[in-house]
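I have a structure here, written as C-alpha cells, and I will follow up with some questions on it.
In this document, chain identifiers A, B, C and D correspond to the written order of the chains, with residue numbering beginning at 1 in each.
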Amino acid sequence: MPQMNMIQALNSAMDIMLTRDPSVVVIGEDVGYFGGVFRTTDGLQRKHGEHRVIDAPIAEGGIIGAAIGMGVNGLRPIAEIQFADYIYPGFDQIASQLAKLRYRTGGDFFAPVTVRTPCGGGIRGGQTHSQSPEGLFTHVAGLKVVMPSTPYDAKGLLISAVEDDDPVIFFEPKRLYNGPFDGDHDKPAVPWSTHPGGEVPEDYYSLPIGRAEVVSAGDDLTILCYGTMVHVAQASAARLGVAADIIDIRTLLPLDVATLKQSVEKTGRCLVLHEATRFSGYGAELVATIVEECFYALEAPVRRVCGWDTPYPHAFEWEYFPGQKRVMVAIENLLEEE
Amino acid sequence: MPQMNMIQALNSAMDIMLTRDPSVVVIGEDVGYFGGVFRTTDGLQRKHGEHRVIDAPIAEGGIIGAAIGMGVNGLRPIAEIQFADYIYPGFDQIASQLAKLRYRTGGDFFAPVTVRTPCGGGIRGGQTHSQSPEGLFTHVAGLKVVMPSTPYDAKGLLISAVEDDDPVIFFEPKRLYNGPFDGDHDKPAVPWSTHPGGEVPEDYYSLPIGRAEVVSAGDDLTILCYGTMVHVAQASAARLGVAADIIDIRTLLPLDVATLKQSVEKTGRCLVLHEATRFSGYGAELVATIVEECFYALEAPVRRVCGWDTPYPHAFEWEYFPGQKRVMVAIENLLEEE
Amino acid sequence: MQVSCTTCEGAMSNKPTLHIPHPPARPGDKPDFSYVALSDPGAVDRPEVNTSVRAMAYLSEELIRVMDDDGNAVGPWHPHLDERDLQIGLRHMLLTRLFDAYMVRMQRQGKISFYMQSLGEEAISVAQSMALRPTDMLFPSYRCQGLQVARGRSLVDLMCQCLSNTNDMCKGRQMPVMYHWARGKIFSVTGNLTVQFPQAVGWAMAAAIKGEDNIAVAWIGDGSTAEADFHHALTFAAVYQAPVMLNVVNNQWAISTFQGFAGGERRSFASRGPGYGIASLRVDGNDFLAVHAVTEWAAERARRGHGPCLIEHVTYRAGAHSTSDDPSRYRPRDEYASWPLGDPITRMKQFMQKSGCWSDDQHEKLTAELTQHISESWQDAESYGTMTTGPFLDRSELFEDVYRDMPAHLIEQRDELRRLIGED
Amino acid sequence: MQVSCTTCEGAMSNKPTLHIPHPPARPGDKPDFSYVALSDPGAVDRPEVNTSVRAMAYLSEELIRVMDDDGNAVGPWHPHLDERDLQIGLRHMLLTRLFDAYMVRMQRQGKISFYMQSLGEEAISVAQSMALRPTDMLFPSYRCQGLQVARGRSLVDLMCQCLSNTNDMCKGRQMPVMYHWARGKIFSVTGNLTVQFPQAVGWAMAAAIKGEDNIAVAWIGDGSTAEADFHHALTFAAVYQAPVMLNVVNNQWAISTFQGFAGGERRSFASRGPGYGIASLRVDGNDFLAVHAVTEWAAERARRGHGPCLIEHVTYRAGAHSTSDDPSRYRPRDEYASWPLGDPITRMKQFMQKSGCWSDDQHEKLTAELTQHISESWQDAESYGTMTTGPFLDRSELFEDVYRDMPAHLIEQRDELRRLIGED
C-alpha cells in the first residue's frame, strides 16, 4: 500500500476527482500555479489546466460567492480558504447562501460546493493561523462539517465531500499534514509512514459522511475527539494504560449519534476533547447529546478538555494546546469520580 | 413609574447615554433621519445631531469596521445591525478584530463598541428576518453577549453595554418589542403596560452584565432561558401549575454559572430553551455547564427545547417556534423521568 | 484642468468635518431633482461592442436615452424594435404594474403577509428580459418581478408563492416575492442584499469554463452597492473577464436613505466600473427602448467574449420600499410627480401612439384584459390554499430540503413535531 | 474615441473564455516589466490640494516621480526637503533595511519563529511617516516596519515583540512583526488582510466628529485590495468625506499571485478611487521624494477638509513574501534587478550625493553605526528573554486582556493551568 502524508492524500483526492469528473474545479488563493501555501494542490493546475485549478483574488467572500454560482451552473467547486482563520469574510455567503439555497428553493437549486480549509494550531501561527472555528459551522443548518484525522480518512472523506450534493465544510488539521502529531511537541516529528492511517490507496475510494469511527476500543471510558486530538487522546490513554473507546467523530455534522451512544452506554464515562475554545464550542453539543441520549448510563459527569477561552496565543502555544498532560489529568479524574 | 415598551426603553437608554457622554455615537442603516426601521432610534438624530446619530451605507462589515476605528479614537459607538440575520457580513470584523483587539495589543488598544441587533422570529419574517445567531458569538472569546427579555432589563443592560469597555453584542428579541409575547400567537397581543418589566424609570440606571435573574422560583425544576423564551417558559409553567425556577440568563457571555448551579442543585431537573436552532446552539453550552457543575444533583437528563435544525420557515413559523406546547410536553416528561 | 471647488459640496472649511449626505428634499419640501445628471435624448454615442473599457469610460457618466419628451425615439441607441415587440413590452410592463397593485391590495386586506412592488421600475426588468436569450441566467433582486412576467411565468405561480400555499415553489419557506424559477432560468431571490452579484459572476465563470455562450445577469439596488459583494463581483468579473452583466437599479432610495449614502452624491454608480476595468453604461431606466438597446449591446459584448458590463439604471422608486414602509416619513409625498424621467409605461405608450402602433382604445382593452387575468389568477391561486383556509402544505415540508437526504436528527425532529401535532 | 482592441489581452475570440491573468515572467523566463505604466520624472502636474476629484482623475493613472535616472530631482512635485531631512530619511530607510536583514538572519538561526521584511519598499513607510504629523494615526500592514523606525521606536522593542519575551508589547500573543505602539500612534498589525482600512476610516470619522484635525493613514498591499474591506473603506471615506489617506502598496505580488489577480492587469489600483469620488494618485514608491511630496499633499488635503485620498505606490517586493516563502518557485530569481524603478535607497543616495549632501564615506560610516546599533539592540532585547532562555513571560498572561476584567470562567481556567504547571 502506498504511503502518503495528509497533503499528498488530499492532493490525490482532488487529482482523482478532477480526472473522473469534468465538472470538478478547484479555486482559491495561491492554489494554481504555485500549488497552495501548504502545497496541497501542487501539480494540479499543470495537469488539469488553468480553467480547472484557478488562482483567485484574495477575497474569501468572493471565492465562496463565485463557487456558489459555479455550483448552480453545474460545476462541483472545491474552494480553498488558505487558513480557517480567514474564512469569516466568507461567512455570510456560507451561512446565508450556501447552506440555505436548497431549502429556500424547495430543492430546485443547490450548489455542491466543498470548502477546504486548514485549521488548528501547533505551528506557532498565533491567533490568525491557528483557529478551529468548526463549531460555528455546525450551528448552521444545511451544512455538513467534516474533519479527518489521518491521510486515509482525509482522502476518502474529501472524495465523498466533492461527490456530495450538499455543501461540505472540510477542515484539515494542519498540524497533522506531515505526521500524526500526538501533542508532545518536544518529541521529534514522526512521519505518516509510521502510522497505519498513512497507508492510502492510489485509486478512488470514498468514506461515508455521517459515520464516526471507533479508533480504539476499551471499557474504562469513552473519549470523543476529532482531528489532532484523536492522536493526543490515543497517546494519553496509552501512557496511562487506560482502556478507552476513542471515537473519532470525523463528521461533526451530521453527527453519528448511534456510535457515540453505544460506546457511552458501555463505558458510563465520557470525555470530550477539542482544540477550539471551550465555551459554546462543538464539545458542548457532544456533551449535551451524550446527556440526552445516555444519561442513565453515566457514572460521572461528561468532562471537556478544550482550548482555553482566549485567542490562540503565539508564545504560549503549548500552554494553550490541550495536550497529553491535560488529557491525562482529565482521564484520571474522570475514572476516579463517584 | 413610567411605562415603556422595549423600543422606548432602548431609545431612552441611548438618549440618556448620548446626553451624558459626548463620546457616544449611534451608527447604522436608517437609524438617523428616519429613526430606524423599528423606530428604536426615533428622534435621537433630531435631538443629538447628525454627527452623533449617523445614517450608514448598507454595509454591515463597514459599519463594524468603522465603529472599531471610532472606538479606538475615543468614541463609544453603538452600531445597529438592522436584523441579526444581516450581521454575518460583519462577522469578520467582529470575530477577528473587535473581539481580539485588546488581547493582541496587550491591553494597549480596545474598542468599546456595542452592536445592537434585533433577533428572533414570530413576525412572519421568514428565514432572513427571524434568526437567532447569538450562539455563534458566544463562541468568540473577547465578546460579551447580552439578550434582555423586558423593557426594564433592556434599558439597564444597554446602558451597561455602552459603558462597558469590552465589546458587547446586544440582541433584541424583536417579538418582544411591543409586548411580553408568551408564544401563544392566537391570543390578542398584550402591551408591556400589563407586565412589571414594562415599568421603566425615565432616568439613568444600569444592570450588571454577567448576572442571570431568577424570574420565578420553584422547586420542581429549573428552566434556563432568555429573550422571548422567558415568557414562553413562564406561561407554560403557569399553565401546568408547576413550580419552576425560571432563570433568565440575560448575559449569555460571561455566563452567571453560580446562579444556575444553585438552582439546579436545588431542583435536580433542568430544561434549557431557546429559539435558535438546536444543534451546537447556546443551549448545548448550558447543558454542558450544568452537567459539569451539578451532575450529582441531577435526577434526570438536562433536556433542550429549541428551534428545529432547519432555516426559519415563513409559512410554518408556529410549527417552528418552540412554543408553549412543546415546552409543556418537555416539562411534563422531565418531571416524570426516573 | 484644475477647478477650485472642494470635493465637499457646500461651504469650504479649513478643517475636516463629517460630511452627512442630504437628500434634496424632505417631507414638506418642494421636490428637487436637479442633482440628477441628464443627457439629451439621442445625444450619447453608441460604440462598437468590442470597444475598450478605457475608450468608452465616458458612457458611465452620460445618460443613454432614446425616447424624447414628445415620444420620439432618437439617436444611435434606438433599437428599432418591431411593433409586435413593442406591444409585448408594453403588455409585460402593464401586467407587472397591475399585478403589483393587486398584490399590494391583497396585502392590505391581510391575504398575504408582505409585498414589495416595482412601481416605476417596470421598464428595466421587462426590457432587459426581452433583450436577453431565454438561456441566459438571471439573478434578480426582490424588485424584479418584471423578469418573471416577461419570461412567461404564470401569475398563479407567483401568487401561490406569496400565499405560501400548496403550489408555492418555495414550499412555504420564503417570504412573499422571494420567487425563483429553475426552468425559466431565474435564480432565487433572497433577503440578503447583493449576495447574488458574485454568484452571478461565478455562474458566468462556469459558463466560460464549459465553453457555453450563455451569460449571467444580476440586479441590485443603489443602496446595495455598498455591500462587500458588489466589490467581490466587480473584482472577479474583471479578473476573469466573466460573461456577466451587473445591473445597479438606482431608484434614488434605499428604504429611508438617499442614494448619497451609498456614495451616489459624488459620482454615478456606473462610474465605479471603469476603475476595475469594466465597461460601464448609465441608462435612463424609465426608457424601455434605451434599456433594451443597452442590454442588447452589453449582452452581445459579453457573449462575444469582450468581457463584463456594469449598467446603472437611473429610475425612481415610486412606491413604498415595501408594505411595511411609509415613505412620507422621509421624502415628499409627491416626489414622483417631479421625477425628470417620467413614468416608463406612460412614456412607452406615448411613443407607441406616436409611432401609430397603439391607441387609447387598445390600451383600455388591454388593461381590462390583464385586470381580469389577474383576478382570475388569484381565484386559481387561492384554490391551492390561503393563509387561513386549506389545502395546507404538509408540515413535514419544514424538514425537507435542508439536505438532499434527510439526516437522522431531522427525521427525529420531524417525528417529534408529528407526534406533537397528533396530540392537537 | 473608439479603439478596436478587446478588453481581453491577446487574441480576440468570439466566445467567452475564462481569462486567467499571467505574470509576464515565470521562473527561468527573462524578467519583463513592460506592463508597468511609467511617466517621465517631473512630467506629472501638481494640482492645488483642493482640486475636485474629477479634475484630478488623470493622476490615478499617471506616475508621479521626482528623481530621474541620473539622481536629479525634477518637476512640480519636488518637495525641496532640507539636507537634514534627507539625511534622516536615508538613515531611517537604511536602518529599516539593515534591521530587516538582521531579523531574517535571526529567523534562519532559529532565534525567532517567523519574519517578514520590507526590502525594496522602505521609501514608502519612511517618507510617508516623515510627511505626516506625529499626532496622525497610522494603521499599518505587516510590511510597514519603516513607520516604526521613522517614528523613533526603539529597535529593542521591535525585537522583543519578535522574540515574544518579557518586554514584548503584545505580551507574547502575536506572531513576529505584528507590532503596535499606542504612544507612537501606530495601530496594531493583524494577520487579517485589509481589516484596518475601514477601521482607519472610522478613526478619521471620529476625528472629524470631535473637530480635531489629525488624520488617519492606512496601508494594504495590492492583493489585499480584493478584500471586502477595501470597498467598505472607500465607500465610507467617500460618503462622509473622512480625513483619511488610504495607501495601496502595489509591490506586484501577493504571495505567489501576480497583481493581475487583484484586477491590476486592467487598470491601476489608484484608478479605483475616482469612481467612488475619491482623489487618487499613483506614485513611484521607490522615489523617496515623490512619496514624501504626495503624502504631504494628500495629508494637507484631508486636514483642510477636502476629503480622503487613495494613493497607489508602485514598487516591487524584492524579498520573499515571508520567511516561509520561496519566491523562486513562481517568479524569476533575478526579477528585482530589472525593476524599472530601481532601489529606493540606492536612488536616494545617488540624489543626495549629486546634491552634495552625502558621500560614500558618510554612507559607509552610517552603515557601520547602524549595524552596530542593531546588534547592540539585539543583545539588549535578548536580555528580556529568548525563545529558549528566560526570563519568560508569566503564563497567566495567557488569560489577561481577553476582557478588561477577567471573568470567572477565565480565572478558573487560569487557575487550572497554574495547578497543571505546578505539577510539572
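In this section, a contact is a pair of C-beta atoms (placed from the backbone, for glycine too) under 8 Å apart; a residue touches a chain by one contact, two chains touch by 3 or more.
None of the values given here were measured: they were computed from a predicted structure.
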Most widely separated chain from chain B, with each centre as the mean of CA atoms: D
Contact pairs, highest-scoring chain pair: C-D
Chain centre separation in whole Å, for chain D relative to chain B (CA means): 41
Length of the line joining the C-alpha centres of chain A and chain B, rounded to whole Å: 31
Separation of mean Cα positions, chain D and chain A [Å, integer]: 35
Residue numbers of chain D (touch at least two other chains): 18, 20-21, 168, 170, 173-174, 178, 190, 192, 204-205, 207-209, 226, 228-229, 231-232, 235, 239, 261-263, 402, 409
Multi-partner residues of chain B (each touching 2 or more other chains): 51, 56-57, 59, 61-62, 85, 89, 92, 96, 103-104, 127-128, 141-142, 255, 279, 309-311
Contact set on chain B toward chain D in their complex: 25, 51-52, 56-57, 59, 61-62, 65-75, 77, 89, 92-93, 96-97, 101-110, 141-142, 144, 165-166, 210, 254-255, 257-258
Complex interface listing, chain A residues touching chain B: 61, 85, 88-89, 91-92, 95-96, 99-100, 103-104, 127-128, 135-136, 138-139, 141-142, 253, 255, 276-277, 279-285, 287-288, 291-292, 295-296, 298, 300-304, 309-311
List of chain C residues in touch with chain D within their complex: 1-8, 12-21, 45, 47-48, 50-56, 58, 60, 204-205, 207-209, 211, 213, 215, 225-226, 228-232, 235, 238-243, 260-263, 265-267, 271-279, 302-307
Of all residues in chain B, those that touch chain C in their complex: 29-30, 32-34, 37, 50-51, 54-62, 85-86, 89, 124-129, 278-279, 308-311, 313-316, 319-320, 325-326, 329
Footprint of chain A on chain D - complex, ascending: 18, 20-21, 26, 113-114, 164, 168, 170, 172-175, 178, 190-193, 223-224, 226-228, 254-257, 261-263, 324, 329-330, 393, 395, 397-399, 402, 409-410, 413, 417, 420-421, 423
